[in-house]
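Okay, so chain A shows up in both of these, paired with chain B first and chain C after.
Entry: the complex of A and B
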């Protein structure tokens, strides 16, 4: 009997059209929890990291955590794991909504999709009945259209994860879209789904998530609920202003990267802030499954040239499609965000790629005849046009759809790529946040903000305040309370946004009564460390080295203006300390002792032969 | 044993089979039509003759509209007078209990662009002076509806299909449909075999047996009703009539006879078409209450009508395998929708793509249903119980309030009675925590299949939980035949599980969706107010559900809110 877990892993081979069910090994669940950890572990057993990301062998794994769908606060998350088409690293994209819980209600902890279909198909999972069905009629449809079409083809309340036209045309910016608007966005996981010709997965579940000790679980859930609703960040600002509440805060700190990281302050931030969003386009807020925060914005631009409707824009989207491109028009930014949603492409990478193109154009490296129109910083109309072309792979959009790294290299200026491991950085300047600098450089999926968002400590003082410019203790902070902890949280199925209000202790207080397994605080630290190291080993085997733990030269140069003029990212100094603390050698490879400590010793040979 | 080959084999010479044969032959397809008896010998020929768009479930309205648009030209097209009269359809309400339900239903239909309105009794009488005012509360009225002669309609299509080259085998019962290795389907009858790439299975209730052999359990009940016609009478009315609270229908035919039917609908396991005198008397007594001076008219002829009915009152139109296209279970709506369904089926057969208009009728919509009981289609109660009553612009019912405003239900000045649940959609974020809390409180697990409370999403910015509003009327308690319901200390109706037989009478009786069936528990479940401390209220992060004294006006408003947004049973 499984508790918390459903105990089933569904395996679908699109090449042969076969569907099978496997049982979850409890030992693996105890070591890797679920979600990000379990799916990464499954990926490693299925696939050689050295192989090509767009090969049929690369499986697309959907994973839920043991808490997903239990109904404790914010337990809505599922992950999409594979080798990333954009970066070549391990990919783990995470999304909320209602799709993840529905997978659990249908009876599955994880879903492994292997092989490739010759024709467009969708997967229809109705509890124990699983069918691979033709999807010609869905091909080319936007996610919202796909969802409503699938609901009439399957079940009126089916939950749908799908790709937009971006995934179909193998855009390396494409994500997986669920519940119409929500994206498991980064690393190009949608391109792999498109390569597999899998348009969508529709799920309908009428089962339940059993709990080992419901009384104890319920008590812990109520306790967590009270902590979250009392928290000024999670429940206060995220609820009122969404993630966009950060725009004003970060910009005022002088840590809001602008015009492809050429500056760290944006003069137009007030026009695109969370407050402006609430005053201008917000219709109402909306929640994911069992979430008291309800940070989702349902918004609509009703007038002017940029009319549209959808969810968001979120903080990072406002930044990438706004400040990073120099655009201060909320309507245009929202429109660009809605278009990204329609085509199912990542707003951060899309915005960053267009910002990179803008810099290339302004500095004369990208001729106008290739673009077809001038693309200057601050040109809202050109931004919206470029986003749409990117989604369609139309004209120059064909180049943009492969992300900023390939764009910058193609036009001879790799230094204009603002990221690490081919993934674009997010909206916290590494010149200011020294923790973020180290995190961007060492993150296992490239320069992203959700593998270890040290801004919580460097701005909000959670778990304790460390000034952003301080260097002391940053290595340990990045490693333990952020990177390892995030790996743990992402594996449980709970939303990272709760972490402002709660710690591992509260999560373990849920995990233990939910699953009946021995989850506790000390083990959670080890589990997070194990998952991080497994991901690192995957990347080493895929060919990455310490040379890839780098940041762009530009952020190592002092900021020229703003309240923090003169600040710069200091990386090289603490990289070695970080490796040491992690138990890695000086070239960033986990030592044999470290792997043995974590039970990953099988990987020693795999990586040292390579 | 004679063997035949064709491009398409159609099983069933009713309205759907004949229109499909006609459309396919017109397109140059080689068609073989088979019927167990004769043309129009089943539900189509026994039909009441109504050609209406009103009082349809939402999914069927587009189909009915498109079909009604074809009728004015059909006499010319078929070369036979189908006696089509487009004088409107009145759905008469006889009891106050149904008045509000009908008005809500009229609003729903209007939201689908149908020209339908609610008429008070005076307006009804102005339109039809021969009705007895004493028996009528009002009626819904759709002026574009009408009626026709069902036999002439079916045979008209049949004759045209023959003219076009359709081959026909009558008195020839299909016993099996087999998929061959060649990719073709073979149809077996006692004296013939026939092969074709596509078989259209439109045999009404007769489809069930053939489906079963293919491995599909067609959820179809056969409902028998009484049908009869009087001697020719002077003109009384030109409209088609239905009655909301029962299944009486009537119309006056071209030669003056009043064709009516109804009685007590009986579910029969077979194609039983006999008539019973007790049922005839009921139907005669009923129509005599409604129409003046009809009791003196002589009955010329009686027959048993057939309504092969599905659980949700909509047909099932879907491919069962690569070869067999099922189109059955029209629930008494086949005659009116047949002409357009024939066109769509012909398209589908030819290009292999499901026409969008037929998509809602897919067979998978019943997966996971407990098929123990369903109401025959036709009555408003059934429409409300099965209908997705989303009204476009429903937000206007409560003017849209910006998010995070205080709850709108005020405590009455002098609280009376016991506190109840109040729901405020403006505060609801759609997080479904109430569902979770309820499930854990009652079942100790997070479960989707025992929904005492369920969040629905009528649009992307309007959500609310559907839950028992603990009404004064307590319809559920009144109809329970097994003493399985009681009123608890909190004033809530709760279920005594030992006595409950899952007959689901209460589910159909409740107009607001307050009682539901849990397939997982095989039991009926409903809100019992958690001993006075409802878990949903405790756990709701936004006060979208509150536990408070509410006055009668607010209670009515809640009922309307629930009824308006009650999802179809398929969506629950």
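Entry: the complex of A and C
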């Protein structure tokens, strides 16, 4: 009997059209939890990391956590794991909404999709009945249209994860969209779904998640609910202003990367802030499954040339499509965000790629005749046009759809790529937040903020305040309370946004009575460490080295303006200490002793004959 | 007297609801006024409502005295992702 978990892994081979079920190994669940950890472990047994990311052998794995769908606060998350088409690293993109819980209600902890279909198909999962069905009529549709059509074809309350036209045309910026608007966005996971010709997965589940000790579980869930609803961030600013409340604050600090990281202060921040969003276009909030926070913005631009409606824009999207492109028009930024949603492409990488193109154009490296129109920083109309072309792979959009790394290299200026491991950085300047500098450089999926958002410590004081410019203790802070901790949280099925109000202890207080397994605080640290190291080994086997733990030269040079003019990202001095703390050698490879400590010793041979 | 500027952000905006988003409010205050006195005596904002008191872009302690030309910006507890 399984508790918390359903005990079933669904395997679908789109090449042969076969469907099978396998039992979840409990030892694997205890070691890797679920979600990010379990799906990454499954990926490693299914696939050689050295193979091509768009090969049929690369499986697309959907994973839920043991808490997903339990009904405890914010237990909505699912992950999409594979080798990343954009970066070649391990990919784990995650999302909330209702799709993940529905997969649990249908009876599955994970879904492994292997092979490729010759024609467009969708997967229909109605509890234990699973069918691969033709999807020609859905091909080309936006996610909201796809969801609506699939509900007519399957069940009126089916939950849908799909790709937009961006995934269909193999854009390396494409994500997987669920519940109409929510993206498992980064690393190009949608391109792999498009390569498999899998338009969508529709799920209908009528089961529930069995709990080993329901009384203890609901006592812990109520305690968590009370902590979240008493917290001024979770139940205050997140509800009122969403993630966008940070725009004005990070900009005031001089830590808001602008015009492709040429500056860290944006003069148009007030026009694109969370406050401007609330006053101008917010219609209402929306919550994911069982979430008391309800941070999602439902917004609409009702007048002018940029009319549209959808969810967001979130802090990161406002930044990437706004300040990073020098655009201070909230309506245009929102329109660009809505278009990204329609085409199912990542707002961060899309905005960053257009910002890179703007710099190439302004500096004469990208001719107007190739672009088809002038693409200058601050040009709102050109931004919206470029986003639409990117989604469609139309004209120069065909180049933009492959991301900023390939764009910058193609036009002879790799130094204009602002990221690490081919993934674009996020909205916190590494010149200012020294923890983020180390995090961007060492994150297993490339320069990402949600693999270890040290801004929590460097600004909010969670778990304790370390000033952003401070260098001492940052290596240990990045390693344990952020990277390892996030790997744990991402594997449970609970949303990271609860972490402003609760800690691992509260999450373990749910996991133990949910599963009946020995989840506790000390093990959670070890589990996070194990998952991080497994991801690192995947990347090493894929060909990455310590030379890839790098940041762009630009952010290592002093900031030119703003309240922190003169500050710069300091990385090299930290890396060796970070490797040492991780139990890695001086070239960033986990030692044999470290792998044995974590039960990953099988990887020693795999990587040392690579 | 010295002149400083103040902006109120996110949930603190309701203490001056007539201000536009991001509007900079010039204030004349006695020399030597510190941040806490600015909050309690001039703005009538309880200090425990302010999580991020920023002066010229740097997070400061509430006992920091203000000087002419300082740019004060205030936030309640906020976060993002």
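Definition applied: the second predicted complex is superposed on the first by the 610 of 610 C-alpha atoms of A that agree within 3 Å, B and C clash if a C-alpha of one lies under 4 Å from a C-alpha of the other, contacts with A are read in each partner's own complex, and residues count from 1 in each chain.
FYI, a contact is a pair of C-beta atoms (placed from the backbone, for glycine too) under 8 Å apart; a residue touches a chain by one contact, two chains touch by 3 or more.
Since we're looking at a predicted model, the values are computed, not measured.
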Simultaneous placement of chain C and chain B on chain A, clash or fit: fit
Which of chain B and chain C A:236 touches, first, second, both or neither: second
First (chain B), second (chain C), both or neither touched by A:70: first
Touched partner set for A:214, first chain B, second chain C, both or neither: first
Chain B versus chain C as contact partner of A:148, first or second or both or neither: neither
Greater residue coverage of chain A in the superposed arrangement, chain B or chain C: B
Touched partner set for A:292, first chain B, second chain C, both or neither: first
Partner chain in contact with A:20 - chain B first, chain C second, else both or neither: neither
Contacts of A:244 with chain B and chain C, given as first, second, both or neither: second
Three-chain overlay, closest Cα atoms of chain B and chain C, distance in Å: 13
On chain A, the residue positions that both chain B and chain C contact, one per complex: 240
In the complex with chain A, residue positions of chain C that touch it: 7, 9-11, 13, 21-22, 51-52, 54, 56-59, 73, 75-81
Residue ranges of chain A in contact with chain C within the complex: 232-233, 236-238, 240-241, 243-246, 248-250, 252-254, 269-271, 273-276, 279, 314-316, 449-450, 453, 456, 459-460, 496-497, 500, 562-564
Chain A residues within the chain B interface of the complex: 69-71, 73, 98, 105, 124, 126-127, 129, 137, 149, 152-157, 180, 204-211, 214-215, 217-218, 222, 225, 229, 240, 282-292, 294, 298, 309, 311
Residue numbers on chain B that touch chain A, as the complex places them: 353-354, 359-360, 362, 364-365, 367-368, 388, 402-404, 429-433, 435-437, 439-440, 443-449, 460-461, 463, 519-520, 539, 541-542, 567-568, 570-572
